[in-house]
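Got some structures for you, see below.
Each of the next two complexes has chain A plus one other chain: chain B in the first, chain C in the second.
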Partner chain A sequence: MTVRRIEGELPVAFRYTPGVGNTAFFEALRDRGTFLGSRCADCGVTYLPARIFCERCLAGLVPDTECGPEGTVESWTVARQDVDGRPLDPPVTFALVRLDGADTVLLHRLLGTADIGGRVRAVLRPERTASILDLQGFEPV
Partner chain B sequence: MTGRRVAVVGAGMTRFVRRAQETGKELAFQASRAALDAAEMKLGQVDAVCLTSAPDAFDGVHRKGDYLADGAGGWNKPFIRTYVGGGSGVFTAIQGWYTVASGQADVVLCVAEEKMSSCQPHPQGAFLTIFDNILERPLGPNLLWIFALEMNRYMQRYGLEKRDIAAVAVKNKRNAADHPAALLGQADISVDDVLASDVLAWPVQRLDVSPISDGAVAIIMASEETARRLTAAPVWIDGVGWNLDSTYWTNRDLSYPEYVEKAARMAYGMAGITEPRKQIHVAEPYDPFDYKELHHLEGLLLFDKGKAPEAAAAGVTARDGDLPCCPSGGLLGVGNPIAAAGLMKIAELFWQLRGEAGARQVPGTPERGVAQAWGDLMQVGTVVVMGAGGAGGLRGSGLAARPHPSPLRPDPSGQSAAPPTSMLGPTSLSDAQFRSVAGAVDTPLDVLYAWDPGDAIGAFLDGLRDGRILATTCASCGRTLVPPRAFCERCFRSTDAWMELAATGTVETFSICHVTWDMRPLDEPELPAVIRIDGSSDGGFLHKLDEVAPDDVRIGMAVEAVWRPLDDRTGSILDIAYFRPRDPAPDRELVAAAAGEMTP
Partner chain C sequence: MSPRIGVTGVGWSGFTPTTAGRSYKELMFEAASAAYLDAGLDPRTDVDSFVCASEDLEEGTSIFDEYVPDQLGAVQRPVQTVASDGLFAVATALMLIRSGAANVVAVEAHSKASDILTPGRVDAFALDPVLNRPLGVPALALAGLEMRRYLHASGRTVEQCADVATRNRDQARSNRRASFADVDGDDAPLFDPLTTHQAARSADGCVVIVLASEDRTDGRPTVWMDGIGWSQDAPSVESRDWSRAVAAERAAATAFAQADVGPADIDTAEVDDTFAYKQLQHLDALGLAELDPASVNRSGGAIGEGYLHEANGLARTLAAVEQLRAGDGRAAVVQSWRGVPSTSAAVAVLRMDR
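Up next, the complex of A and B:
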């Protein structure tokens, strides 16, 4: 019996638009260098980045709550390989950071070292384009 | 009666738009919020959430169920996503029904979302792998082929006129002009407009087809006791049914949706409906293409086979006709965010049966309606029968514990002064706005697949390389299968023997296609066709015709394979270069004599 490999692709690309909540977040980050969240007073939860609804009670929310720019490291890891398994040199440290005032965390680069519970501050790029990369990362305070 | 009695107590939807600024989560939220507001309920009253969304490849999020869960109110709740392709929207109501009927939940929020605008260059790309990767994709198929091939077969079988079929597109786009959520409502469209629109894949023209859309719909279902506490006018789920036809789409009866009939009989049986033409007062059949509404109305046993088109042309299915069909405006008019469009039909029946459909309200007092959707590889039928009041129902019983909530809510779009449905957002983006939106990220789906054809198709491909058409047979049902299968899916046993058939056959149906899968025009039209090999059973397989003028192709035409030169063959479906008309017509006895049993 012939063994065959019939190859094929799925020739699609995606244009992900940030939606209403994340657009407010990115525009505040780009234009004012601030971190915009939204707060559900009933549930006592502040979401960052901003959302237009509370996932706990489905109330509509307004993106109007500024958080940070300092925060706390909730966890971290050091990546030593890229997604294809090739060595990363130098290694890259990623952290989950809860910005002051927020109840949710952001995933981003840790510029330096900090333990869980350690205090960090956001480092912004001077030229910003409304992207999560407008934030360079977090550096220890 | 099966399980506990279940009612719909609230419904909400977003507008359907070509490109929403909102994310899928935000669309799901808007619809869910609208449904809760319309029912004057809080999320805390919801016990479980049933969600649906069609292929992950539309949104480009390969975990759409849990991704959408927060916008659908699924946080910390029993949550399930179901998926039967285009049939999903109606099926999620069936899922909601058995979640309540089983006693596992008293109140369920059912949410259907679709965001097709993310998929580039065209959402059809997400459908390419529904074709058989080994036997069909090498032919460069276009999703429209399936519909065009089916529509042509339907027209030929019953001698139908395109003009009569186009009446459905006209009716639905006109109906949609009264729907504040509609994307393509058009009060002044005519049959001539449809017949003059671009031919995409004959007989399918531009205005025969529903639009690519973003949107979401939500309904709330409750057990009988809870429903009576929540509203004075619950709309009962009287019957549910679903059924799947052969997974080999070219083997189906392309002129009649057997799967819809089987699903309808299941739902009618549960609902105690014995004479659907008398007992169904309003219908929302699935209408992604105009001919599909007709196909489905026949499958729903509401018209005789082949008779729905003349009824549509005569106005029987108009909003004020004897059997109003798609009074919402359907997918052709309101729009087709795939999974959401199906649940929109359930929401429309809810509003119609409560007399709350505003300008869309059908005359009289409709007491029973049927909603239906269709999907997977175009072979699933999902059917829900809904009833207002009725035996054991509330209408007139005075048991209401609270006033009947008004479904009227302001429409922030300002497009309609008095929306008859509960609606929020979304924000519609132009293509230019979509291209320039801040923070957008473009990502190709950078994956490559490698498929193994398996034993039976592997042997078939070996045969093609040698210029032979191989089949397997099932001694139990007597079928001869081309392409061959290792097992008979009907008798559920291994097939018995191999045989070789002559490389001649018949055109079961065909199309004249003028566009690529991503809707770019072709210089020369292609002629996809379903070819039944002489001596084989049940339909045929997909291939192309050539050496014939498009206008000369006929269903039933005798054809023969034209093989690639031996040195160019690779063991591929493309080893048959194409089929061409056979002249003179085949001698059936010679074909039969040439077909001898053999083992590859």
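Up next, the complex of A and C:
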């Protein structure tokens, strides 16, 4: 056998529709610098980002509940490599943060050091484009 | 109780870090041939239906289910693919048999992970494209996040997780399929607190399992598949339970109820150990936290045998079938998880009467 490997790749592209709930969240973040969620009163759960349905009871929801901008660290880890396995220098710390008023978490960068239970505050970019990257990350309070 | 369903044949190939020169079709052919020989049947006439498990992106081919019939003996036969772990394909096979649509079903799953040149990209593409993917976060980071939260909530320690990894490698020494028994324990952090030592490494391989209705087992000593369940937690990173393996809890409740057994009846368990902490979390979910560690992943698990992607659940099932056939217990539980970033799990209960 002389040919042992045939290489191939998949150059495809997609567009993703954030939807009504995420768009309300992103526009509040961009325009007012606030975190908009939605509350299911029946389940007693506030989802952040906002959703137009409750995953527990499937009721319709509206974006109606502001959360944060402070919150609590639920977990954290350190990434020393990127998605391609290449070394990250310096490493990046990622955290799960539950903003005050929310029952769900946001995954984002932790700008500093905080352990589980530690209090943090959202850091926004001055120029915002309605994206999850309008948030720079969370810094310890 | 409805008629039982037996595991009448098992076969495998690979279980090595690479399978250079052999294609996935050839790995499947080898495993299928062994399973049909074990079951003593001709797949072209005796198998009523075929169920595979695969993910297109891991195969590098769209509509991959079109590529499975020829090497299984399934050309011009009923064949389907489940986009999930192989244990979910077993569940589909059980439904085919219980419904009367088939009497004998072959189930297949494989990994040709050594052919995936950018595995981190495949995994990252599974993250939510709106909320998570823009962060450039590797999917494996979710394991570090979950492990820290699990340790915090359960009171278990990093040392206990390291012990799981060490024990699984030790137990793998007596398993001829285990390529990773002697892989050195590397305490370098992967995604803190997860270390390389505590993570299964990718391997190539294929497993085929033949299932048959009770009247097709011809009265031979048979391992019975008496219960199976599957479930999924909230998939989103934002709303999933970060402390417990909720899907495994739900799947176990279903499988135990079907088989009319409880955790106290289980003699041997083959559970997902993609990461050492997941083994502990999954045992918690199955109500098996008190099971003798020597009876958990006697095969060495994925840490010992390698991470076989969609074939992980069938690898655990294969190990359990071999143990029951060898007389190492009468009741086994098998559990699988689809890996990061998923929240899906399946559980099966197997028994051998004596």
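Please note the rule applied: the second predicted complex is superposed on the first by the 130 of 141 C-alpha atoms of A that agree within 3 Å, B and C clash if a C-alpha of one lies under 4 Å from a C-alpha of the other, contacts with A are read in each partner's own complex, and residues count from 1 in each chain.
Note that a residue touches a chain if its C-beta (ideal position, glycine included) is under 8 Å from a C-beta of that chain, and two chains touch if they have at least 3 such contacts.
For clarity, every value in this text was computed on a predicted model and none was experimentally measured.
Colleague: Going by the contact rule set out at the top, does A:R109 touch chain B (first), chain C (second), both, or neither?
Modeller: Only chain C is touched by A:R109; chain B is not.
Colleague: Name the contact category of A:F94: first (chain B only), second (chain C only), both, or neither.
Modeller: second
Colleague: Go through the superposed model and pick first if A:F14 touches only chain B, second if only chain C, both, or neither.
Modeller: A:F14: touches chain B and chain C.
Colleague: Does the superposition put A:L48 against chain B (first), chain C (second), both, or neither?
Modeller: In the superposition, A:L48 contacts chain C only.
Colleague: Touching A:R80 in the superposition: chain B (first), chain C (second), both, neither?
Modeller: second
Colleague: Would you tell me the residues on chain A in contact with chain B in one complex that are also in contact with chain C in the other?
Modeller: Dual-contact residues (chain A): 1, 4, 7-8, 10, 14, 16, 18, 22, 55, 131.
Colleague: State the interface residues of chain B toward chain A in the complex, per the touch definition above.
Modeller: 21-23, 25-26, 29, 32-33, 36, 42-44, 57, 59-60, 70-71, 73, 75-76, 117-121, 125-126, 128-129, 133-134, 137, 427, 429, 434, 437-445, 447-453, 455, 458-459, 461-462, 571
Colleague: Quick one: which bits of chain A touch chain B in the complex? Just the residue numbers, please.
Modeller: 1-23, 26-27, 30, 52-53, 55-58, 60, 130-131
Colleague: What does chain A use to touch chain C in their complex?
Modeller: 1, 4, 7-8, 10, 14, 16, 18, 22, 47-49, 55, 74-85, 94-96, 103-109, 116, 131-133
Colleague: Under the touch definition given earlier, write down the residues of chain C that touch chain A in their complex.
Modeller: Spelled out, the residues of chain C in touch with chain A are 20-21, 60, 117-118, 120-121, 123-124, 129-132, 134-139, 141, 144-146, 148-149, 152, 189-194, 234, 236-239, 242.
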